[in-house]
């Protein structure tokens, strides 16, 4: 490798305009490459080409989604914005939750790496999102993971799922972050393309918000955390093979995997180190190193600041020998952060890092002017206007076309499917449904996650929402849930996105928390497919319009395109996370019944004959078609207000929202989680099958102490929320009775509900 | 009373252990792994987590930390020491307790609420419980299977040094359902489950874990 | 019957947090002079004589190791 | 400089859940004829020539292995 003597410097590039460059292999289009040449007034150096190519990738530049995502900003009103301290465009959105506390949360996808190497892919997905939260100056509080796999009984799912779950747990558990929720969904469209979306929530005092800005000429740039190696340089290795022409070892690099191995211990000490640095007030700006590594961190810090930046790449601690500047700049080695520090604070900064045994190196300085300049072995290898790398990437107006098959899909409703009739068939359907992979207990998964660590988890799986205490004195805390029903989105992406929002919102309000903000992780097929872009556009609009109706803003999110196996795209999967606030977590409403003797069960909301796209149609008939349940966001909001009021006044002893699997599923879960029996009395005027299995939105099953029943139902009536007394808690019976249909012992229900995942994956 | 809580790089449950100490009415003193000084504490808790990432073997690196030299010496002098989860692993690695902890039988990390029976009520950390009391506390570990050779196990049983035993299905393949043991003099106790996460029904399954911390305070007063 | 050893090691360019932790700890324990450590797995298999080398390679490649991040080697040893 | 390999294996009398899991999975993947599997660790160390065999043994015995549950062996190999 010592055979390379020529560094592709800026001056070299200026004098060799015709050197052919492998921009296509790096994923740049002809016109994109031309634009880089135009910006620079010469050909880019290898290092510059590497930087532009990673930063202008779909993942970093949002080039296909930008024009649609704008809609979030356009629809956010001043009122919705009132509590937002930082929004879209920052590393993560930040909201004011009162009492001087600010909360930040964000989700990110790590889909493809998790297919290639399930354990490490999922693990580094968690690691990456946690660093995003730290880059806001927050202490990470908890994580959630939203997962999608191929059919539960497919052999490859047996490879992918256990690895992903172990990876999420392995990393998160070792960081000491409680896992407080998520999803596990199976559908054949995810078979060659699982989804691994990780969400992290963090908290800070509002005045400690650290934005990623490199301001103040003369301030130092410090890289700290792990060394930089050859991990994840993927495509950039073509550059190495170009310049190391004929060199065996370099040619070998072409095969480098774009998979990284995580080191959660290093991240754990990095967290503690960052928090101590924040506490001492010696961080001017901070940025995590995620996808696109140093390219991203340096160009984003410089472009958001008020000056330029000079980096001495020779100072970056390396783990591999013979790395080129392009490789160093695009390495995705994990567990690294970059900070901007005043010269007078550098010694203190380094001392804190030394205390935590965290490697830290001054690699550059904030300069006058507006260029990002990077030197290597005494030559300048990068000299660019940083905004052109970080913020002024290409923007595409991709063709959008509603697919023709959409009409056929919608016309093919579930009405023609054979429904169970009679008590015996209903009972059999219920047992089959609760044991089906999408409805069965998730405890095989969630038992692998520590939800106790740090002692602030007030609700976690199998509750509808995770609730974490932030302030031990006052009891202030947050509730958070993620949801998406991809089948509904396939039938109608606009409405499907709103249904996902509605469900996530409902999951938060059933804990008694007040929703304040929304994040998302939008997983779709290929952006080059006009039908996929239509799904995307519709989902974004549905979500944004839904947020306006609910009065809470989208504060950030993530887009993942190209999730498909061959030509088959995944179900459109806009995972929606809703964050809520509890002024005192002691008033949280649990999910299981039985906390008080003799509770009454009430069903809030209305049930319609809505079974298109339902779990029942999927499990029993393998059917998907028709129109999804209707959404009424005003009703969802009212439902939320009533649950919050009920929680404040201590009128509700348990609440569980209805979603996939309908009332039957919710009733079984609330009994099993509460380890208490109940009797359900169906409405004689409505089809029992519809009542048990329809998936109408806007419904919650609540348990109220008998003494509170009149007061609570009067409140519902007065505010126009339909409710129906639908049963009683029966602590003595040890069974769930659905009057006129069946009586099933909790033991039998538990076996059916809990047996499935262990049977498939142990 | 002052109870020290050690923090190694990678320790996670130190804040919880400190909170439990405070809930029990004592002062929690944080002890740093690199500092030999025990700052005059009356007892020590070695909390859970993943010290140094636990990549080699749980507790294998932490036991060499300077603070552990002092803890070992103090333990020999009769100071109550409680090792929880990773702390238990560290005490075994350090030779303060016999045996070793290995991967769970099903190879998965397990986080769940676990019933335990208190079988020894004379140790420094269990005297507050009724004999054979059953308590519910979280268990969360990937390498929680307790192992020792047969003669060691027999000796532990014969000397009544099995302090806590799992009730119901064995969660991790531990020999003889052992969840926690103590030293010969009953001053050093190690267990895999987490009493410090069972101090308040708001954030844990019960407050059954507080008894361990009260026990230590009792034993200190009695001395 | 034959005894087979399969060694699985992290690829040289891939981060090895386990080896790193060991290497970092050694000087603290008073052992100097160890400049690098990599940690992998060792499997010892008892196999019927019917199992040929190609099958062993397949077991190693497709199951015991993940070739994306790990190298492996198989050898028969004296029992 | 020398390259040293340290193998650490669970003692024969100790239950080895990892090895058992591998042995159990192989037939499901269509591999028959493997009758027993044990899983341990392999360390590769680069050491200065100053490090003698006694020191290596001490590193293995006191640190890389837990003699309560594991056996170890050390050997120098060609680089």
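So that you can tell them apart, the chains are marked A, B, C and D in the order they are listed, and the count of residues begins at 1 in each.
As a convention for this text, a contact is a pair of C-beta atoms (placed from the backbone, for glycine too) under 8 Å apart; a residue touches a chain by one contact, two chains touch by 3 or more.
Molecules present, by chain and UniProt name: A = Phosphoribosylformylglycinamidine synthase subunit PurL; B = Phosphoribosylformylglycinamidine synthase subunit PurQ; C, D = Phosphoribosylformylglycinamidine synthase subunit PurS.
A quick note: this is a predicted structure, and the numbers were derived from the prediction, not measured.
J.: Weigh B-C against A-B on C-beta contact pairs and write down the one with more.
T.: Output for the comparison: A-B.
J.: Between chain B and chain C, what is the gap in Å from one C-alpha centre to the other?
T.: From the centre of chain B to the centre of chain C is 34 Å.
J.: Rounded to the nearest whole Å, what is the centre-to-centre distance of chain A and chain D, using the mean of the C-alpha atoms as each centre?
T.: Computed value for the inter-centroid distance: 39 Å.
J.: How big is the gap, in whole Å, between where the Cα atoms of chain A centre and where those of chain C centre?
T.: Here the centre of chain C sits 35 Å away from the centre of chain A.
J.: Multi-chain contacts in chain A: which residues touch at least two other chains?
T.: 263, 265-266, 357
J.: Can you pull out the residues of chain C that are in contact with at least two other chains?
T.: Correct list: 17, 21-22, 25, 29, 39.
J.: Can you list the residues of chain B that touch 2 or more other chains?
T.: If we look for residues of chain B contacting two or more partner chains, we find 52-53, 55-56, 106.
J.: Would you please name all pairs of chains that touch?
T.: All chain pairs meeting the touch criterion are A-B, A-C, B-C, B-D, C-D.
J.: Flag every residue of chain B that touches chain A in the complex, lowest number first.
T.: Against chain A, the touching part of chain B is residues 9-10, 12-13, 15-16, 19, 49-50, 52-55, 106, 108-112, 138, 140, 142, 194, 196-197, 199, 202-204.
J.: Which part of chain C faces chain A closely enough to touch in the complex?
T.: Interface residues on the chain C side: 10, 13-17, 20-21, 24, 66, 68-69.
J.: Enumerate the contact residues on chain A facing chain B in the complex.
T.: Result: residues 166, 169-170, 173-176, 263-266, 268-269, 356-357, 446-458, 469, 585-586, 762 of chain A touch chain B.
J.: Could you please specify the touching residues of chain B with respect to chain D in the complex?
T.: Residues 56-57, 60, 92-93, 99-100, 102-107, 145, 147-149, 173 of chain B touch chain D in their complex.
J.: For chain C, which residues count as touching chain B in their complex?
T.: 17-18, 21-22, 25, 28-29, 39
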